[in-house]
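Going in written order, the chains are labelled A, B, C and D, and every chain counts its residues from 1.
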Amino acid sequence: MTHPLRLAVAGIGNNISALVQGIHHYRMIIQQQGAASDLPGLRNPVLEGFSVADVEIVAAFDVDPNKIGVDVTDAVFVPPNNYPRIAVENPKTGVMVVEGLRKEGDVVTGHERVIDAMKRAKAEVLLYSLPTGLQWALDGYVECALAAGAGLVNCTPESAARKPETLHAFAAKGLALVGDDLASQFGASVVHRALLGILMDRGLDLISSYQINIGGNEDFRNLRENGASKLRSKINALNLPNGASDRVEVIPSGGYLAQLYDNKISMMNIEGRGWGGTSLSIDLRLKVQDSSNAAGVIIDLIRFAAAAVRDHRGGFVEGARSLLKSPPPMEVAVGERR
Amino acid sequence: MTHPLRLAVAGIGNNISALVQGIHHYRMIIQQQGAASDLPGLRNPVLEGFSVADVEIVAAFDVDPNKIGVDVTDAVFVPPNNYPRIAVENPKTGVMVVEGLRKEGDVVTGHERVIDAMKRAKAEVLLYSLPTGLQWALDGYVECALAAGAGLVNCTPESAARKPETLHAFAAKGLALVGDDLASQFGASVVHRALLGILMDRGLDLISSYQINIGGNEDFRNLRENGASKLRSKINALNLPNGASDRVEVIPSGGYLAQLYDNKISMMNIEGRGWGGTSLSIDLRLKVQDSSNAAGVIIDLIRFAAAAVRDHRGGFVEGARSLLKSPPPMEVAVGERR
Amino acid sequence: MTHPLRLAVAGIGNNISALVQGIHHYRMIIQQQGAASDLPGLRNPVLEGFSVADVEIVAAFDVDPNKIGVDVTDAVFVPPNNYPRIAVENPKTGVMVVEGLRKEGDVVTGHERVIDAMKRAKAEVLLYSLPTGLQWALDGYVECALAAGAGLVNCTPESAARKPETLHAFAAKGLALVGDDLASQFGASVVHRALLGILMDRGLDLISSYQINIGGNEDFRNLRENGASKLRSKINALNLPNGASDRVEVIPSGGYLAQLYDNKISMMNIEGRGWGGTSLSIDLRLKVQDSSNAAGVIIDLIRFAAAAVRDHRGGFVEGARSLLKSPPPMEVAVGERR
Amino acid sequence: MTHPLRLAVAGIGNNISALVQGIHHYRMIIQQQGAASDLPGLRNPVLEGFSVADVEIVAAFDVDPNKIGVDVTDAVFVPPNNYPRIAVENPKTGVMVVEGLRKEGDVVTGHERVIDAMKRAKAEVLLYSLPTGLQWALDGYVECALAAGAGLVNCTPESAARKPETLHAFAAKGLALVGDDLASQFGASVVHRALLGILMDRGLDLISSYQINIGGNEDFRNLRENGASKLRSKINALNLPNGASDRVEVIPSGGYLAQLYDNKISMMNIEGRGWGGTSLSIDLRLKVQDSSNAAGVIIDLIRFAAAAVRDHRGGFVEGARSLLKSPPPMEVAVGERR
């Protein structure tokens, strides 16, 4: 790859900390082993022609005064960020965090500044990674990406790719739009779904099952208050047959525990009945680094988006569909080549 | 089904206790709901035209003096059998346990008695379910089945279907031979394999994994001493890619605990590494009724065998392949219609 | 004991279901074994001269229209009560639930009816067991008990025994007042406290610890919304040394899961450091029948109270102190013999 | 402490690795914080006047050719030792491992060499830490310690302090003898005993309980074969009341898992019954660094022994009693001041 992937990022939280540090981590490994193949923890060492090491952050936006004006490499460690420091030292990016979009009353400001920074940086893709629940912010960054001629990747459950008019706007400009809401690389849903699936495939009777998640990052602090929508999407993610979903309960955030930092713990139970009505049970505890689980998917989403942008394939990128929780329906997602 | 499936059983242990009680359990349910469909805990309420309720035990063999001469319904509760009593009352079968094959020195005796009992009972299939490790006994019952004109189902890891000469002898007589070694309906291997599979499919790095099993039935008492061959077959059952099998350890019997009776507990751990080298872990505890897990598969194996016997399809029954741990290789398993 | 203990109960929830059914359960055992000694699950088969079988419910109050006018034995199974049915059949008590105190606007009504019912029933002790959070109701039943000449046991965290004026009113009349807030017979706090205590006694370093509780009864549904005060009392219950309490987090209700019914599950983790800074960890899962844990303590509290009432020892009963989470301070608790 | 504690060690396994590295670890911390107080992971930063940092290894014995002649700091990392490296670098001790006692046929050789090395090193205490099961070796090192004028600490279940004649020989020479078999600093027994104790204290009924241990060091490899004596001592360690011990099963080594290295995992289950016969259960998983658990106790045993030696208090040291699994009975243990 002659030209690195030029990435702008909005929202300098744990996901960006994981992304920045992880890219550096893999660069060191590639340098040591002299090849980009076989990088532990990655689904695709090379995707759409881009190695992990080809990703370069060229612009960054946030509204935290402790992050603005600071090199991205330092900004990712500003609290409440609490993703671990995975290397003794991370090199500076030379890219300072720029003040992002703000909402005062009903007015959103800062578009000029953001668009200008993206243009100057020649950003190809904008990664939207703010806390969940800020539809106005996503709408604002959508405008900025369109104005700056960049594709967009939306990590959050807010709607961008699911809005037909937004999808068309990107398609019309030959810009990729990848979203909405990323699926974890290895999360509670896939494990829970697999176990329930085996149970039912083999003719056993599901009596009850629960999944409860706890964690120590800002997502968990927010979810605790506002978990209802997340709950529905988590139960949907289990793909249960008719009838079975009544017997499964999911608690997306059972609690915020500061001591867990960016770790997420899922506790699951399955009670079933087999031959002769005799019982069986499974208890499982899954512990993951929450933002690593996101970054391991983000790295693929941005490469899908950048390849489409370079290729002038506007709109949704089908290759990314399985990596998303809420992609647009098939019929409206068709991108057009400009 | 006009004619019930006439089954002879050798070895009146927990598996037969589960089978006999389970068949009664499902008969009660069918009677209550007026149909054989939707029986909880069963893969196939009806298979090859046989409902679960169509299975009738017509002959039974064991060498325990406390079981010989006793109705099968009572014999299944004689210690060391410790499968639970799943109904308040089970009806008598009217079939008394007959003394089975014995080995004195190098001489195996009792063939006449067994063959005679099977012929008088018009048994269609002989289910071999003795403790593991008695190849001489399996060889003896193979002879008896052939002589009595019955098919054979071998639940144990001993070799019958994997012996080409035995397979040919059954094929030549138009008798079905189903074996060897049944796969559990819902066991540790399938769960462990699924979790390791997801981990590796998604690009995460497997650091280490273990599975340790404990239980309170005679299998666990025997395994503790003699676990090496079982270990290899359990690791094979995980279907691991090259390289990964070094990082997985399985202990088929970590201990015999009388307090667990016929329950089996599997404890598994998986340690992995994801994006940026950050770690993840899974700890799982699976508790099952060990012999229910067997009976839920036996019920299908005997129906496959009986249908083939009635149809004069001799040799291995392909439909049963996925329910067995050590079926004969594809090329030698071809049955012939007599 | 010639005279049975005459108990009135306010709030016919799971605790009363456990109490009523448990008393019947132990009566059956006593009858079978011919003695009240060695009753499994009980701290004190006989206490203050009362056997468990001596407790008789003589009056009962609730505001649920589906419970009013119904025999207590039936009322305890009215939803949302979900304590299990522990015997095939429970004998009727002959005592119908009477409409309890109500609040309309700022006015509490029903005192006459309650006092009258207690007097007619010659109740010696009133057990207050309404949902948490209804201080007005506790205040009302306090008045009723005083007027009817009965002692009071307060199971809830609301204040009765901690109010000096209330304590004096009972003391002045020679009536016992036992409260506030019962400690579970075998709960998460005692287990968590024991493990943390061992760790620190032996010189190991506590890094972090959490406890998260889930359940399916009404307490859990309420707690989820209103957990802050409970949280503080749960952390206090751990008796941690200075400094250590910062490292321990407790979530009294991580979630309401209907499938758990009246079961409560506590999940605990302890991370520590030993010799040379090497790490150790404990993960624990405790599953209990929540209301059995209460009834096993209530049975002692009411016997302490009734013995004091018969003996004209007014005020707090010191013997009950260790069974309560928030007893009155020692100096104000001194009862007086009238 | 002007004079460091001069320690000889026999058996350069994981325990000595933990001891040597741990002492260096604490020296670094003491140096940083300028005081020996408040060392995390230690019961007693200073004991009998000795700080942890005062312990110096002055002689070392082993029979592994890969360890003989090597500096102790390097010898502790020779396989099968697998205690982790807890610091980037450990300073050399300058003490080379000397060939220890050997048994050829029925003859034990090497006493001269060992005695000579101890005398030249002016060792005050000999720490015996060979694999379990080698009574002949312990007997030999007992002779050596007596001849060299050193006290002895026996970490293993073999008998030294429980042999009256050995105890008298040490007492007569004014030399301390501390043993036998050290109790872990924080192990499965103390946790299991605490939980069972709470259960029974509170009147709950114990139905059944098990404890199963797995690990990856040489102890676990040996135990798997030879666990019977260990089993008895582990059940004794639970201090169960009459009757309860039938319901508790302990498996000292459920398996050797190389992937665990020097970690030990204990899995425990407790099933009980409370009020009304309703059930409760505890499942617990304890993970510890096995040899840290030993070193944290060894550090106290050797300080007790050395202080007694300097003070000419011969025989058993009472202060160490609670740190041992099999100390001599009280009546025979009385040391005498020479």
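We adopt the following convention: contacts are C-beta pairs under 8 Å (C-beta built on N, C-alpha and C of every residue); 3 or more make two chains touch, one makes a residue touch a chain.
These numbers were taken from a predicted model, which means no experiment stands behind them.
Distance from the chain C centre to the chain D centre is 46 Å, each centre being the mean of its Cα atoms. As a whole-number value, the distance joining the C-alpha centres of chain A and chain D reads 50 Å. Chain D has residues 283, 285 in contact with two or more other chains.
Taken chain by chain, the contacts form a single closed ring in which each chain touches exactly two others. Applying the touch definition to every pair of chains gives A-B, A-C, B-D, C-D.
Put simply, chain A touches chain B in their complex at residues 18, 21-22, 25-26, 40-44, 84, 86, 185-186, 190-191, 194-195, 198-199, 202-205, 272-289, 292-293, 295-296, 299. Residues 208-210, 212, 214, 247, 249, 251, 254-255, 257-260, 267, 283, 285 of chain C are the ones touching chain A in the complex.
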